[in-house]
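When the chains are written out, they are named A, B, C and D in that same order, and each has its own residue count from 1.
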Amino acid sequence: MIRAGIVGATGYTALELILILLRHPQVEMTRLTSRVDDPTPVAAVHPVLRERLDLMVTRYDPEDFRQHVDVAFCCLPHAASSPVVRELADRGLRVIDFSADYRLDTLADFQAIYAAEHADPERLGNVPYGLPELFRNSIAEAKVVANPGCFPTSAILPLAPLVRDGMIETGDIVIDSKTGVSGGGRTPKAAFHFPECNESVAAYAVGTHRHGPEINQIVRRWSGIEIESVFVPHLIPMTRGILSTIYVHPAPNASADRIAECLADFYRESRFARITDSLPATRDVSGTNCCDIAIRPLGRRIAIISTIDNLVKGASGAAVQNMNVMFGIEETLAL
Amino acid sequence: MIRAGIVGATGYTALELILILLRHPQVEMTRLTSRVDDPTPVAAVHPVLRERLDLMVTRYDPEDFRQHVDVAFCCLPHAASSPVVRELADRGLRVIDFSADYRLDTLADFQAIYAAEHADPERLGNVPYGLPELFRNSIAEAKVVANPGCFPTSAILPLAPLVRDGMIETGDIVIDSKTGVSGGGRTPKAAFHFPECNESVAAYAVGTHRHGPEINQIVRRWSGIEIESVFVPHLIPMTRGILSTIYVHPAPNASADRIAECLADFYRESRFARITDSLPATRDVSGTNCCDIAIRPLGRRIAIISTIDNLVKGASGAAVQNMNVMFGIEETLAL
Amino acid sequence: MIRAGIVGATGYTALELILILLRHPQVEMTRLTSRVDDPTPVAAVHPVLRERLDLMVTRYDPEDFRQHVDVAFCCLPHAASSPVVRELADRGLRVIDFSADYRLDTLADFQAIYAAEHADPERLGNVPYGLPELFRNSIAEAKVVANPGCFPTSAILPLAPLVRDGMIETGDIVIDSKTGVSGGGRTPKAAFHFPECNESVAAYAVGTHRHGPEINQIVRRWSGIEIESVFVPHLIPMTRGILSTIYVHPAPNASADRIAECLADFYRESRFARITDSLPATRDVSGTNCCDIAIRPLGRRIAIISTIDNLVKGASGAAVQNMNVMFGIEETLAL
Amino acid sequence: MIRAGIVGATGYTALELILILLRHPQVEMTRLTSRVDDPTPVAAVHPVLRERLDLMVTRYDPEDFRQHVDVAFCCLPHAASSPVVRELADRGLRVIDFSADYRLDTLADFQAIYAAEHADPERLGNVPYGLPELFRNSIAEAKVVANPGCFPTSAILPLAPLVRDGMIETGDIVIDSKTGVSGGGRTPKAAFHFPECNESVAAYAVGTHRHGPEINQIVRRWSGIEIESVFVPHLIPMTRGILSTIYVHPAPNASADRIAECLADFYRESRFARITDSLPATRDVSGTNCCDIAIRPLGRRIAIISTIDNLVKGASGAAVQNMNVMFGIEETLAL
């Protein structure tokens, strides 16, 4: 049995992770941590776990993890994560980091975009990006994996193969994303107050969201080709799900059909990336680790519609998928 | 008092129209029609009107309208509308038509896009498009006005002045719209079944929605300049509201600030078009006749975010605004 | 023109009040207050008011109110309200208080239930309860009116006449209420965080909610008859609306029909209390000042179903109705 | 491997059943039926199953079932179900019936309440009610099991032990239930049209819902004690979940604490019935087979709050739990 520990176990992604690991036949959760004063039953933090997981939430202790944990899932905010990842990785644990701390290419990129210190600059740049569909081999050999951002997952999966295969123009890509509110985390804020987001839709962080550069970097890292995209996220009144509508110019002679075929070919062996004929709805990936992608002609452009469950393929499902790859288990187990 | 009649009074836009007209000090509703077998109290059709409007829904009769109605609001589907509009206009009534029958330039356009017969081809082309912000003078003199489509309203208001003033490139405009479910009408359908659209978002009619050509034609009609835009609507889990995110290339030297200024100048006297500094949410136009518009830089592009209440400025509020203009009343009355 | 001021103008009930007063032909809003550091445009607090109300939110000053305000709406929390009400009433203003400070019979009741100091105990007990349907004459002569609680409005309106007329047993009344989230106010809290209340329903404050005793007291105050009811509120995933299902035993010989008739008779002249044949939905009172009530037989019991918009008849609509009565204006004006 | 077939595989409960069975290590789905003209991939009916279940939906054929199915889940409407159940049971299959056809005691009861023919009156009355918490032994030996109604499950689980143990008065029980919209099925209807049920709550079938008698009968069948309850369901704007608030009079000397203890004792070994200290929300049982129950004092009454996921413990989870019991598998497997 793989012994799993979760650092930062009180949020929505941690809960989703726990629910998936409960179904995993080769994993035993041994440690859940948070900044609690006293050990607290996990069901007091997540009532849905009543009588399903009999484990205490305790304070994080790296030595305790060294003894009782094989793989640590680190669900901390950016900048708070790298110190923990470092001390766990240095102690020999496998670590899957949910934060943005290890996703970008360089320390300079991280600091430019996140305006924060980084506690582990040497490791940054040697950590694979946790999309097994693209980086499976590196992930299989990695000690630390950077779990992808939710919006980037929905955009990179369709874009990367199309860019590499020269199917689309790289210079003018528009990514319009719609997300459920759980992506904003569990801390109450005005923007996520029910009467504020119910019956309303709004754009936010237009031109400034940190997932924009992440998309561009990872597509380039994988394909070797620079792209220029713009990214606008929108908050819509639902709990989970992301739909990204991506507007691209096809390369000369690349029809919608050929583009769909290119993706279908590339993902033929990837169970979680599904190229669909009908237009996908987030409902149809809800609770699954799938990314549904459809292609449509749109005047001289092509529309790519891509859907994920932000808490599963956009966070905790991807993390378990990465764990499976890192430990040489069947990639789809428990997913 | 202006005597108002509504043809097709059972839908959501008709109800919204009734609620607005109830507040209008110079209007008396005299006729509400539907394909009822027997006269039916309007409160049986719209329970919210209990004890607020004591009027029967009856079958439509043009002669009856001629005697008792000064302005007819025609809330029928496309193709069903033009025969009614014609017989009412021929009888001397003012008519505000909610359908698409009189919005496009030519019969050929109508037939190409709607694949339907048109009962009034002579009048088509001589009917102003009911956006008083752009076509106020023609509307003031018109007998028949084509009430705009909901998506087009949200897109044309920001685009038209920018195109005319050369602030944006006209060749590559992306319009990504998000709409509440009331836009789909009151007839139950699978796509609008609560468990199907709750907790889900999906694109629909990608590249084929009929409001796409309407946007392009009306911008050209008003500005004299041809544009090329693509349009993708999305259904999101709320009842009312439209947010359109419009991705444009600024003309050389046209910054986001200059573009915002251009719109603010143009709409300085238009109370319902509001250029906002903060990013608008549909909640903040809900129940109002306003269109809130914000401008943001976005890499080499500009993002235009535009919000309306699809049932008010996107339908019935616009209709009353048009009526006010047609009858020489203060344009904002009851709105 | 009546000059109106609102103390505590940033919440949802204050916004609803502003929207109603904007439609009121005999009211001019002159003062809006909050604990702002500097005067702030009201549209910055409530974006929906952009270009509709050009007024600053300022700090509250009783002398300033004395000079510029005829009627003050006090939208403060309990205990914070009575000091303000006292100093405004002592300066001769009419005051409509949204808090619970003046609703109960005695200081002892207030302190027992709210466990708080009261700054105006002399006035408490001489302030009419602001349901004009029941206390119209007292309200017409009052300087200060206690605006009712939202749940109590939905329960008292049907119960009071039935208790007085001996139509129901008074000893065993069950009130099961369902409310939208706006009733919880505008301050973000975990219970009102979108992902927590979306797709979920829960009971809260079972047996301890302060509106329980308010219901019992006001029914007794009006009818002279003691009742014993239990009250359980539930939070449901919508923004506005309250539905109360009230389970009563009919008095001997009092059928459902007779009970419905009793209410219909009593409210024949009250436009806002509507006895309906069909089962009411909160949607059908949304945005209105109405309370829709239906009666159904239920085994040996009777079910009373009562619906209001918690922000209108449950708060700000009632307040304007009270103002109309206090100033001798038509009671339904602007409502 | 147990070979499972589903008759009527296109609805929401069937989909939930398929999702649970996909996780079941000892079940292989072999047949899915519907009134299709031609065999149709199940993913065309339920897009969420894309690449997860490669099975065709075909027309129902009892002989085909006899050869390829060990356990049939019959998801047909009442009256349509009994002919199918009979021919499958007569062919030796185990059958779990989702309809109401076998839930009531006698043919007379069924006909009185459902006003329909019954194709299998001999078997009716010998079929255990599928709540293993109460009827485990009968279910273990049964060929046919009547899967419980969703509302009854939420009410019977807390009521039955309390009635049997004399903890509550039996003569005056009020059951106020709130349900998500998926309980209404997948067929679009006006009542379930998104703009009609979003932002609204309403009672329905007051005093006439067929689940009322089911509750009373099953409590009596299990406890031997007649009860008299009234039942009112309410439709609230969410997809899944039921919360029932049950108002009872405690027996003399039966405090809230003793009542909670009685339930906790009775369900100590039942993993799916959880007596909770905190007030349960449907969110915390969503996607689980659990029924969370809390007890609160309420004046002279006691409030019992009970929550389930209507599609899981209220339908398909219960069905799999029943199957596990019938086949001697661990009861909680896949749940």
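As a convention for this text, a residue touches a chain if its C-beta (ideal position, glycine included) is under 8 Å from a C-beta of that chain, and two chains touch if they have at least 3 such contacts.
Note that this is a predicted model, so its numbers are computed, not measured.
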{"item": "Pair exhibiting more inter-chain C-beta contacts, B-C or B-D", "value": "B-D"}
{"item": "Listed chain pair B-D, A-B or A-D that repeats interface A-C [over half of contact pairs the same by residue number]", "value": "B-D"}
{"item": "Between chain C and chain B, distance of the C-alpha-averaged centres to the nearest whole Å", "value": "36"}
{"item": "CA centroid of chain C to CA centroid of chain D, Å", "value": "40"}
{"item": "Distance between chain centroids, defined by C-alpha means - chain B, chain D (Å)", "value": "46"}
{"item": "Junction residues of chain B - those touching two or more other chains", "value": "180, 198-199, 237-240, 280-281, 283-284, 286"}
{"item": "Interface residues, chain B side, partner chain A - complex", "value": "172, 174, 176, 178, 180, 196, 198-204, 206-207, 228, 230, 232, 234, 236-241, 243, 245, 247, 279-284, 286, 296-301, 303, 305"}
{"item": "Residue ranges of chain C touching chain B (in the complex, touch as defined)", "value": "23, 47-48, 50-52, 199, 271, 274, 276, 278, 280-281, 283-288, 290, 292"}
{"item": "Residues of chain B that touch chain D when the two form their complex", "value": "12, 180-182, 186-190, 192-195, 197-199, 237-240"}
